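You will see chain A twice below: alongside chain B first, and alongside chain C after that.
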Partner chain A sequence: MLEIRNLSKSYIGKTALTQIDLTLAPGEIIGLFGENGAGKSTLMKCILGFLQYQGKITLDGEAITRKNIARLSFATSEHSFFPNLTTSAHKEFYEMHFPYFREKRYRGLMEFFNLPEHKPLKSFSTGQKNQFEVILALCQGADYILMDEPFAGNDIFNREDFYKVLSGILEPEETVLLSTHLLEEVEAFISRAVLIRHGQIAGDVFMTDLEDEGKTLVGYVKETYQYKADRVSRALSDLTDEE
Partner chain B sequence: MKMINVKEKQILAFVPAGIDLRQELKWINILLAASFLYSMVFLIYLSNAYHGLFTYIAGKKVLMDGVIMPDFVELLGTSLSGFLITALSMAGLLAYHYLYHFQGSKSIYLMKRLPDRLELWRRCFGLPVLAAVLSMCIAAVLLAAYFGIYLLVTPEVCLTPDQWGKIWDAYFEAGRRI
Partner chain C sequence: MSHYVSVFLVAVRSTIYKITGVFLLMAAAEGVLFWMQLQRAGENKVVLLEELIQSSGIPLVSGGAFLLVCGILSLVGYEFSGSRVRYTIQRLSVREEAIVLLWGVNSMLALCMFWAAQLAVVLLLSKLYIDDMEPIFFNSQTLFLAFHRSSFLHSLLPLEETSRLLRNVALIFSLGITAACFAQKQRRGERGVAVALLAALTIVFFPADLGHLGSDLTIMVIALTTAAFSLYSIFRVGLYKE
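Moving on, here comes the complex of A and B:
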């Protein structure tokens, strides 16, 4: 269980997160949604210990330290691999540092996405780089897989392939926290949606509850964000009047 | 594909993953070689000073009366300073190694979440520290060798006492000024 209690994070003159309380249970696939700058990436970076914060984050009751950090993996659209290394060199590096590296899963995914083994990552397309970033996060052997907009730059077919593969390969105890703007695409894949707005949790709902209420994820997000449907038409008519 | 030898493979654990080790080793070797060549200026000064001790009478080389050899530290001058500069320049390499983890990706995220908390620092500091230590060791060996040569070639009557002590006095004085 990954527990976040009363988490706040401020940069100089700006509050990024305010008193976040969130619990991620084993086996959940959680979509983390919010506009740009809402605090999604900051939240993940706090969990991983990249940023100093106020509050408490624990993994099965223990603070996240070097002892248990291998239980968390991270895929980011910024990419965290070494551009000059080949995929096979990355595999060696991961195997050396992460004792539970999933070799079989790695081979399967590399084969499925047909990624070259002996070319440096810098020669890959953006889509291939994203694929490899996610493959590493999935194969590290972590219990909690954090993904920060991992498919930015991938085409739709590519992304759909990934959702299918993810649904198929994850084991019951593996937890995914996926930050993305692609609400409709991940709707069928996630089990829970967490909305973050201006650094605060604005909504937290299980997909089964949404289904029971006959709502869609997009509808829920719009409702939570108090999205005004006539916003565009009003703006356009204002602009037209000005002319 | 580049072939790497066993020694390079061992050093690879002390540099950021994927960095061009051969290029770095090449530059370190160039710096050390340049420092060594510059240090040989001492031998030129020594040779000049040595020949200045003698005069030629009827075509015969004769030691001049009451002449004194300049102190070793005076002849040494800045001839070993190349090694110090090489060692200090490793701070730049260290900074480059850290910033390397932000080039083309944010591999710093991976390095910061490795279970081995020393891995990042080992890979940033490793080669620069090894090169700096090597540079200072070569300087120490050359200091001893040049001092030996100085004692060997200088006629005993031309030597002033406490040559070894004067070296440290000079360094302490320089250090105090800094």
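Moving on, here comes the complex of A and C:
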């Protein structure tokens, strides 16, 4: 169980997160949604200990340190790999550092994405880099897989295929926290949606509850954000009047 | 232990091919330049080995190759656009300080290899000189004297001058540490200029005549002081700027 209690994070002159309380249970696939700058990436970086914060984050009751950090993996569109190394060199590196590295899954995903093994990652396209970043996160052998907009730059077919593969390979105890703007694409894949706005949790709902209520994820997000449907038509009307 | 080895191998894998390429290019350029000078030397004119080395621009080529090697070593762990290796480094069981030190050791070894490679090239060129020149122009002392007379050759192989040898070792140690520190500072949003300053110092003051104890000691002190500051900065708790 990954528990976040009273988490706050401020940068100089700006509050990024305010008193976040969130619990991620084993086996959940959680979509983390919010506008740009809402605090999604900051939340993930606090969980991983990349940033200093106020509050408490525990993994099965223990603080996250070098002793248990291997239970968390991270895929980011910023890319965390070594660009000069090949994919096979990364595999060896991960196998040495992460004892539960999933060799079989790695082979399968490398084949699925058709990624070359002996070319340095810096020569990959952005899409391929994203794919490899996600492969490493999924194969590390972590219990909690954090993904921060992992497919920014990938085409829609690639993304859809990947979500299908992902739902097939995840084991029951693996938890995914996925931050993305692509709500419709992940709607069928996630089990829970967490909405973050201005650094605070604005909504937290299980997809089964949404289904029971006959709502879509996009509808729920719009409702939570009090999205004004006539916003565009009013703006257009104002603009036309000006002319 | 394997964790440390794998971290060390990241630096080796990131640099070995590039550095080997620089060595080969350097050797080829020096070989061609030396050969051209050797051909130009008149048959009846005595051209000393050290003069030939100097006039063929080998110290310049060596200096250029040295700067390239320093650049390559400094970029291990550097975050280029679209790369945040800090996110991997911070999730390892090996502390970042240890990683930086290991990458510093890789840099030191690479610089030792550079030293050895340059020395090997010069010795091969000396052999070429001896093979090509008329026997009247050289004797059993030619090589020994050349390495005493030429400031570049003497600093490359400082025979009977311990202070120069220690100076070179101090420079390798300091350049290794500061090169590793360069990328760490960049990851923390700071600027590391120590490696550039030390590399410039090395280029300017590396060739020195026999018997410059004061200069050797001064450079050694500067190099070791810079290394001490860099070591301090490695272990200083610094926040990553986001």
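Keep in mind that, in the parts below, the second predicted complex is superposed on the first by the 243 of 243 C-alpha atoms of A that agree within 3 Å, B and C clash if a C-alpha of one lies under 4 Å from a C-alpha of the other, contacts with A are read in each partner's own complex, and residues count from 1 in each chain.
Please note the rule applied: contacts are C-beta pairs under 8 Å (C-beta built on N, C-alpha and C of every residue); 3 or more make two chains touch, one makes a residue touch a chain.
Here the structure is a predicted model, which means the values were calculated and not measured.
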When chain B and chain C are modelled together on chain A, clash or fit: clash
Which of chain B and chain C A:51 touches, first, second, both or neither: second
Contacts of A:78 with chain B and chain C, given as first, second, both or neither: both
Contacts of A:11 with chain B and chain C, given as first, second, both or neither: second
Touched partner set for A:66, first chain B, second chain C, both or neither: both
Touched partner set for A:118, first chain B, second chain C, both or neither: first
First, second, both or neither for A:169, with chain B first and chain C second: neither
Touched partner set for A:152, first chain B, second chain C, both or neither: neither
Which superposed partner A:202 touches (first chain B, second chain C, both, neither): neither
Colliding region between chain B and chain C, picked from 38-46, 92-100 or 128-136 after the shared-chain fit: 92-100
On chain A, the residue positions that both chain B and chain C contact, one per complex: 48-50, 66-67, 69-70, 72, 74, 76, 78-85, 89, 93, 97, 122
Contacting residues of chain A [partner chain C, same complex]: 11, 42, 45, 48-52, 66-67, 69-70, 72-74, 76, 78-85, 89, 92-93, 96-97, 122, 126, 129
Contact footprint of chain A on chain B as seen in their complex: 1, 16-20, 103-110, 112-117, 119
Chain A residues touching chain B - in the complex, by the definition given at the top: 48-50, 66-67, 69-70, 72, 74, 76, 78-85, 89, 93, 97-98, 118, 120-122
Contacting residues of chain C [partner chain A, same complex]: 2-3, 5-6, 9-10, 13-14, 80, 82-88, 90-95, 239-240, 242
